[in-house]
């Protein structure tokens, strides 16, 4: 009978599906001696490319040790949630990448292997790493639960052709010069009454970029985001001044297109820059993006500071950006996992990986390779070593980034819509962010 | 409804308005999917100045779309079939039979729609992991976990809808069948289901659409091998660049199965839901 | 068997029946054997619901009473019990979290009312206009269902693309083509962001209302309209006095379901704005997500959800009792 047949068929489909489902499962964190699982983050323009690059390095590792590595490249939109489920359930990979600003927060969960004693020895000890990068691995005074894998730092990128045209011979070294140059470069080039060339472009809706700026500008103006005990100090004068400087670029100074308040990531900035719509911007590694757009009329310079010779905390030009790598405490094969970490942070692999991903090596020896001797990279190396500080090393750092970054995003939106943003506005926005910090977790 | 001239004019403008509202974003998606990347990143152009089918080729390489397609198809189809089956059985019991706990069951099922969906995520994952450990059935990173999740998501509304639908079918039909000696279950399969086919299809469509586009649970319950299309779509917006044209092309491709299926089935929907339509 | 035999089923369509009506069917002689059948039929669904919905929900409620954050999450079973503290933090008007919560709650209510109103009106309009037969009806029916059939992510991302302040289609249309506005407004930032989510959500949901209303409308017999027309009632009057009352049960249920789903709306703001919505457009679900998944403060997120659950339960109970006639309020 028709109906019966249809139902039998449906049930059959269900059964087959159920059967194939159980067969088609991926293995979770393994206790298998011969295989370890590695969760990598998305560094290349596509997830596929990440897998390609990493597979080469993994193949070399497997050849050497006989241990297989199951690789999964996880897009940024999912990585944090995946780590959450791994930590809460105890089921996860053996090795994983993390954004280095997550390090302290993840450390406090106790789910990751601390790099001390034997573990630290396996990766060759602390000294071979770029110290500022290494410092991001965990809270001060505690053994880090992650070691750096890739390094990055902000630089100022500027359009050399526009600079020449405007008669500016050197990139700005102080914030004052920066704003001056930006104003000189903001103009209406085709005479239609509308500004079509802006001095600066930014990604106003990028929460993390905003938080980074608050951090750096704050330090340059003499204040930190947290005090020693881990209490948020967002309303310190230096922070308020620094944030106001940043917001004024769209507001009072008028050197940033209001549309930029909506830009969400680096590629928006690169696109604007490459199309000749802006003369300067701050970014970590726009090289690939600009190359894709066939744009070459640019150069890199250190991020401007309050005074040209600032040093110490006030000489901060960038936060220590980068990716770190951790080993899951629940890993069934910690030895192999640590070996793998040692492999990825070895001098040779560092040279290969950093080059492939347009990042910086995190071990000083790797910089000897001629590939890293270019001016732009040397600039970054100097920035990373002498002018960079890790983002605040407290577990609530992630929350801080979201709250401060969003507060700044809202201020920028305010300015972009033509409303005045006063110092009081900035202070109260930061104050609101700070009070939300205290009451949560 | 008697149609006056005035009504016909009103109808024309009303339908034109609705069509316009629906079509404009669809037009944007389609035209963007056939523009080269450079054209997509500047000011929006209503008429594409350059047309290319490149994006439709590139999407399969940028992201392993074919694999995601297969995963989505298996997962969604299984979830839909199972969900409909369970809903039909439960709805029949609720519509025709009396039993203790009937009301509570319905109420509890409804209450699940009041809890924010996102908060099921972590507890569900924890439960799955517990089960995994205790009886060794792989629920995370496998098809099974996601199928179980999706089939349950569409249960509340499906049960609710089918219950009302079954209730409106006159009892005489089943009585006749049972007098012939088929029993309750027989009546269900022989009489009710064929007659209620359209309602069942409506519910199946709803279940399919719900599962096909789900993102949050998929992001956490899938691994590299079982990743679904909805996750895949997000990969076109990487950290460094948003390939809008590919994203739109992939969106078109991803939407096609749902739309085609829907088109094939929609006639049954209306005729069925409106059993006995008097025209 | 022909379909004509079935009576107009619209009124009972969407609402489950009074179980008492089913009783007379069962022949007394078979009563004993029958007693297990309903449970067997309901069992699969019940088990699935238990596993995926009920137990996680209970767990979710439990989480509201503990401190579950980065520090305790690796060993969540042992997380400290803090009683009502999370609730206090969330509800105490002086805490900034509560401020955000109340704001989001109010905004979400407003959002729900507006979106349901728009979606329902459009759905009703479409249903009424497509009830009668004419050429091309089938095509339009399919077309109208597309926004709902499209995966939510796709629809939303298309709108995000259109809402872009500088390059998007919307501003292009309003400023360049029509010239109604002289400056390009922001849609994804600032005050307009609220309207952005209203527009996108209404666009995605109206076909659902359309579908359900169309079905309900099909079952109003034509002779009722004919009689009214003979009496001289205008079309609008017919609509108010015949159409609306006759679809009331189905309509009431539709409005309830839509309101619940739209109230808990998460996808649209998340895809449009990312993990942190602009203040003027923060709805309750994204707020809870922010607390739970951005800050890993699940205790607070859980407390907010429990409150949400309670509020919605009460509201639904009121609604059901008020709007649905006695004997039809079983679900």
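A, B and C are the chain letters, set down in written order, and residue numbers restart from 1 in every chain.
Basically, contacts are C-beta pairs under 8 Å (C-beta built on N, C-alpha and C of every residue); 3 or more make two chains touch, one makes a residue touch a chain.
All values reported here derive from a predicted model rather than from experimental measurement.
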Look at the interfaces A-C and B-C and say which one is made up of more C-beta pairs in contact.
B-C
Report the chain whose CA-based centre is farthest from the CA-based centre of chain B.
A
Between chain A and chain C, what's the gap in Å when you average each chain's C-alpha atoms?
37
The distance between the C-alpha centres of chain B and chain C, rounded to whole Å, is 15
Would you mind listing the residues of chain B that make contact with two or more other chains?
41-42, 85, 122, 126, 234
Two or more other chains in contact with one residue: find those residues in chain C.
76, 164, 166, 293
Could you list the positions in chain A whose residues touch two or more of the other chains?
81, 84, 88, 90
In the complex formed with chain B, which residues of chain C make contact?
1, 3-10, 12-17, 19-23, 25-26, 34-35, 37-39, 41-42, 44-46, 48-49, 51-57, 59-60, 63, 76, 122, 125-126, 128-133, 138, 140-155, 157-159, 161-162, 164, 166-169, 172, 203, 211-212, 214-219, 221-222, 225-226, 229, 235, 238, 253, 257, 260-261, 264, 266-267, 284-285, 288-289, 292-293, 298, 301-302, 305, 308-309, 312-313, 316, 330-331
In the complex, go through chain B and note every residue touching chain A.
41-42, 61-64, 74, 77-78, 81-82, 85, 122, 125-126, 129, 132, 137-138, 140-144, 147, 189-190, 193-194, 219-220, 223-226, 231, 234-235, 238-242
Where on chain A does chain B make contact in their complex?
1-4, 7, 10-11, 13-14, 17-18, 20-22, 24-28, 42-43, 45-48, 71-73, 75-78, 81-82, 84-85, 88-91, 265-267, 271, 275, 288-289, 292
Touching chain C in the complex: which residues of chain A?
80-81, 84, 87-88, 90, 105-106, 108-111, 205, 207, 257-259, 261-262, 264, 395, 398-399, 402, 405-406, 409-410, 413-414, 416-417, 432, 435-436, 439-441
For chain C, which residues are in contact with chain A within the complex?
67, 69-71, 73-76, 89, 95-97, 100, 164-166, 184, 186, 188-190, 274-276, 278-279, 290-291, 293-297, 299-300
